[in-house]
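After this come two complexes, each holding subunit A, first together with subunit B and then together with subunit C.
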Partner chain A sequence: MAAAASAPPPALTFPRPIFAAVSSHPFLQAHLSSDQSKRTLRANGRTAHEFRTPGINTGSLTHCNGSAVVRLGNTTVVCGVRAEILKEEDIPGTFADPVLTAGGSDDNDDSADDGNEVEAARLLVPNVELSTGSTPSHIPGNAPSTFAQTLITRIRSLLHSTRLLRASDLRILHQPSTNPEDPDVPAETELKGYWVLYLDVFFISIDGNALDASWIAILAALRDTLIPRAYFDEEYEGILCSDSPKEARRLRLRGLPVPSSFAVFEGRQEAEKGDGEDWVLSDPDAFEEAVCRESVTVVVDCASAGKGTNDAMIRRVEKSGGGIVNREELKGLVKRAIDHWSVVEGALSGRA
Partner chain B sequence: MARRTFPRRNNAPSGGTCAPVFARTIKEPGYLQTLRPSRSRGSNELRKIFLQTSIIPSASGSAYLEIPSSSPASKSTLIPPTSSLKITASVQGPKPLPRSVPFSPSLLLTTTVKFAPFATRHRRGYIRDSIERDLGVHLETALRGVIIGERWPKSGVEVVITILEGDEDGWWGDSGNDGSVNRGGWGLLNVLAGCITVASAAITDAGIDCVDVVCGGVAALTRDPAARDKKELVRILDPCPAEHKEIVAACAVGYLASRDEITEIWMKGDVGADPNALVEGATHAAVGSLAVVKEVLLEALQAKFQGPMEGNESGLKRKAQDVEMTG
Partner chain C sequence: MIAPEVTLTHLNRADGSATYTHIGYSIIGAVNGPIEVQRRDEQPEDATIEVNVRPAVGVGSPKERHLETLLHNTLRSIILTRLIPRTLVQITLQIRSLPEEDDSTGVNTSLTILPHLLHTALLALLSASIPLRTILTSVLIAVPSSASPNTSSTPLLSPTANELLRAKPVRSIHVFAFSGDRKLLLNESDGTFSYAEWAEACEKAEEVCCGEEEEGGVKLDEGESMELDGQVQEESLEKWLRGVVRRKVEWEQRWKSAT
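Presenting the complex of A and B:
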């Protein structure tokens, strides 16, 4: 860097985009290590700890029970939730009658172990589509890329491991009007079917951090979802729904897990400086993701912790690609994720 | 309905699921009819068009088109109302062809049209079906006549269209009980016209040389069963198929207004003795959407050139903050 004092040869003065494309790693390092001001800025003008604030718009799709459009800087995602009915005879697998095991405690089943029920019956069908021209690297006509498959697997496992949805919200129950065995005793409630939620995530534009964006879109769409009241009609011998919005209900989500992704930028050793500094960048964009190898995703949930964000719950930690982030570093990342949680929560509740 | 499973995706339960059936639609025969939308526009009046370019920074050109439904959505029912048209287009390229591709003296155009699974009343799959491929071919025909391909030898360009919400083929209430209504995919014509318009805006946004801005337009012949004379046909521009009980014929064109040329024409139904009237109507509709496209492109251009001008004043400051790099 000291060599800049002498007049630099004009051949080396490239415009910024060309410099970024030709030598991306030094470009970002030069940005981060320039200490002319108090705060070092990344190439995209954010500080290392700065997330992009999500912009959320819900209910814009006609044929969905719930939908959301989420913008995270230049990453734009559309998520549509569509509820369809899985009939009793089509339920795959066999498990203990869920109605009996849940004990009818519908409103207070936070502890009920119904995650297995949602997963075994495949009541949630999440899918992502990246090949919408959203990025030059995903051209349509091919099978889903490894990246798309990884992304959707992470989303699905997050959906199931956080037990976000209650099986009781998805059951369609029926109490027969007459009991064939004993007319005096009211008949037992039967399970007639399930609601299956198709979660389709379409990327309009990708600029990094696809997981956070799609998860926020799924959360926003699920919070927007209105499930019609479904009942078994004995005369029709099938499941019918009421089209009155007053009878429909929202899904009650368990908590509000929000992922925060970080990318670790390993500074290269420079002869004069001697040390290679490392930076952990919050919410990396596509350019940073291409330069960084190590990535960390921390999923935290502060919804159950009452008002404050003091005792948050860590729902998941994913880390891959390197050994820079140690235990101390990870503690700091969890703190950053908790700070980010309240921002996302605010945006989801329309306060941002 | 047997459901296809898609490899490398999350699939629905193998037994298949079915869309909810709303009780009032089968128990109260008259109820459905109260939801039927009707055309409130004049016969030559187009729906409003919303267009925006440069929505995808990583693509060389992109555009988003939305034609909101003209009939107001009812708040008293959960049955989805008539959908509006929402389409995004993304242009990737022109970029050099891979070495394995034989020499091409002009630009190779590839168009892909895909419906989102939530685009229509019936859930769609992830693999392109014949309808989507058909639309892609029609769109390619419309665009090929406009692009000056000789300026990009040995290059290829991808035009990717995603339909987030498509126009419907007819009023959804007619599909189940009333088989007499001709449901010949009228909505597709609107979708194609929208695709042409939005792709054209995206191509211009990408700076690919064209002979003109091609625009899509649709006209239809409808028969009004309530009218006195049942044989009388009415020609309407920009039909919303759900609003009409019977569409006799319809036509979509890709039209170059300043050259008065048509690059693509798709006609369906019983046109009768005078197809020219229908084609002419469709070109009128195309001219209507051209007005919007022109305005949007002009605004985008002005924003592009005004940005650096304003930036010039703060340019000096910006330079001082620039990061020093040597190497």
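Presenting the complex of A and C:
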């Protein structure tokens, strides 16, 4: 190829990167429709169904309550979780006090419907930042781009709709030592404040599939998060935190929802052949995302349900941009998402 | 299901416009295009599509950006962008009013408004005579939790905000959009559900949007029996859409057809 570039080539041939840049769609189609081997490879060397295995490193940041660095090929993302105390008088909104019961009653997954409490008091604050140079389309110094804002909205609604965090983990409760009304009866437990979790997602580089990478980073960081024991001091009349790391506790997450994103590549039909073929590519990189118009994201959670296509729990489906993926296709994608769930689950628990 | 009310081409300055009112949601849509595009947004082989969603109160937030992205991706697949390259199609959707209960239904509010935004955008595009590949129709389906005491867990088709409030807690909520040739263009599903439940909701949505599978073409004399004011109708959304456009065309051609 290098020799052909120096002398004027007899036919019109380009080196690989120039072909990719000049005509990206035929480039990917040529890769996918080549039938030299049994397995057709994409431009990045993966098969159409192949995900990138996440590399996860937790606890990298010292000033966070929990943190994680996740790599998905060339997509690199850092997530830090910072817990701050929200005092009772600062709780936003017109929001009624939750019914406080003696600790541990809402450990059961189904009984507690506290998602509204987390959402109304705004106890989770996700934010996405793209670093300078992380992607060519991001111009530094501007307001957050549509891309970043869309990503924040998707992460936020996924956090709330999956009810990932328990409100009981974030409440700061206090039982007064004396009951002013009746000294013989123990006083009722009062809500003195909340822990607010700031989830900051920082992209070092983006090579496609930003949602999956940032969500895996958030999951890993939340699993790594240690919340110090906070208590209300009656003499100080304020919330204090215990200095002892032994009293700190971890967050108990509800289930393990894992998103899997796909891009649909519409093959263009050539003149003599019939319809163009279509490919659904798992875990697209930035080049494939630029070429493909239709995208599908399936969020599955197999932590409590089975791993069959019919009994797995789907938490979210997002599909837009075209009409290739129909009911039957989506069934296949759910299956691929379930297979991917096991891989991510293994990586998160350090078994990969 | 109550058919939505639509006024077509009522703004003088925009190339195309539509006002859409349905179960408490009211949206004004305006389309300008094809117009000149800014240099940095110009695409050599495609038209650029710009979608602006303006909320009923306040300025746009990340939620509106997300809706814009969804609308942009969906509309890009039905507008024949290659016929009008190096131009801009600008779609502005102003939400005029929301049902009072919209905030307290406990479901994602960007999903409840999405079908209405899609319909408004499509009607405004039709009114502006932008070349389209196909039409689209969209519907919201809510599946109430089986644990909720006052309702059975039959899926609610295009529920009003009040119905959603009464069906609380809602187990899953789905938005489907289908093209005229019965392709699934957009799907946003949220909550907890299995594939079988999703497929059932999808099938139901297809029926509501595109009508029964078996029938041949659209019969010509069907529009006569329809009435303008939204009464209970058992017709598909596609027929409703065709009826809206037919009535507008008939009204504009009343002098021509009278002579």
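Rule of thumb we're sticking to: the second predicted complex is superposed on the first by the 324 of 352 C-alpha atoms of A that agree within 3 Å, B and C clash if a C-alpha of one lies under 4 Å from a C-alpha of the other, contacts with A are read in each partner's own complex, and residues count from 1 in each chain.
One rule holds in what follows: a residue touches a chain if its C-beta (ideal position, glycine included) is under 8 Å from a C-beta of that chain, and two chains touch if they have at least 3 such contacts.
What you see is a predicted model, and the numbers here were worked out from it, not measured in a lab.
Asks: Of the two partner chains, subunit B (first) and subunit C (second), which one does A:149 touch, if any: first, second, both, or neither?
Replies: In the superposition, A:149 contacts both subunit B and subunit C.
Asks: Quick check on the superposed pair: does A:323 touch subunit B, subunit C, both, or neither? Answer first, second, both or neither.
Replies: second
Asks: Taking the superposition as given, does A:292 touch the first partner, subunit B, the second, subunit C, both, or neither?
Replies: neither
Asks: Of the two partner chains, subunit B (first) and subunit C (second), which one does A:172 touch, if any: first, second, both, or neither?
Replies: A:172 sits against neither subunit B nor subunit C.
Asks: Of the two partner chains, subunit B (first) and subunit C (second), which one does A:130 touch, if any: first, second, both, or neither?
Replies: neither
Asks: Could you say whether A:218 touches subunit B, subunit C, both of them, or neither, answering first, second, both or neither?
Replies: Once the two structures are laid over each other on A, A:218 reaches no partner at all.
Asks: First (subunit B), second (subunit C), both or neither: which does A:116 touch?
Replies: In the superposed model, A:116 contacts subunit C only, not subunit B.
Asks: Tell me the contact category for A:56 with respect to subunit B and subunit C: first, second, both or neither.
Replies: neither
Asks: Do any residues of subunit A touch both subunit B and subunit C, and if so, which are they?
Replies: Residues 149, 152, 156 of subunit A touch both subunit B and subunit C.
Asks: Please output the residues of subunit A touching subunit C within their complex, sorted ascending.
Replies: Those residues of subunit A that touch subunit C are 113, 116, 146, 149-150, 152-154, 156-157, 161, 293-295, 309-327, 330-331, 334.
Asks: Any idea which subunit B residues touch subunit A in the complex?
Replies: Residues of subunit B touching subunit A: 7-26, 55-59, 62, 64, 69, 73, 75-84, 86, 88-92, 112, 114, 116-121, 123, 126, 158-160, 162, 164-165, 321-327.
Asks: Contact residues on subunit A for subunit B in the complex?
Replies: Per the touch definition, subunit A meets subunit B at residues 1, 3-4, 8, 12, 16, 19, 23, 26-27, 30-31, 34, 36, 61-64, 67, 74, 76, 78, 80, 82-87, 89-92, 121-123, 125-127, 129, 131-136, 139-141, 143-144, 149, 152, 156, 196, 198, 200, 202, 204-207, 226, 228, 230, 233, 236, 238-245, 248, 286.
Asks: Sort out for me which residues of subunit C touch subunit A in the complex.
Replies: Counting only subunit C, the residues touching subunit A are 62-63, 65-66, 68-70, 73-74, 76-77, 106, 108, 110, 169, 174, 179, 181, 183-196, 198-199, 202-203.
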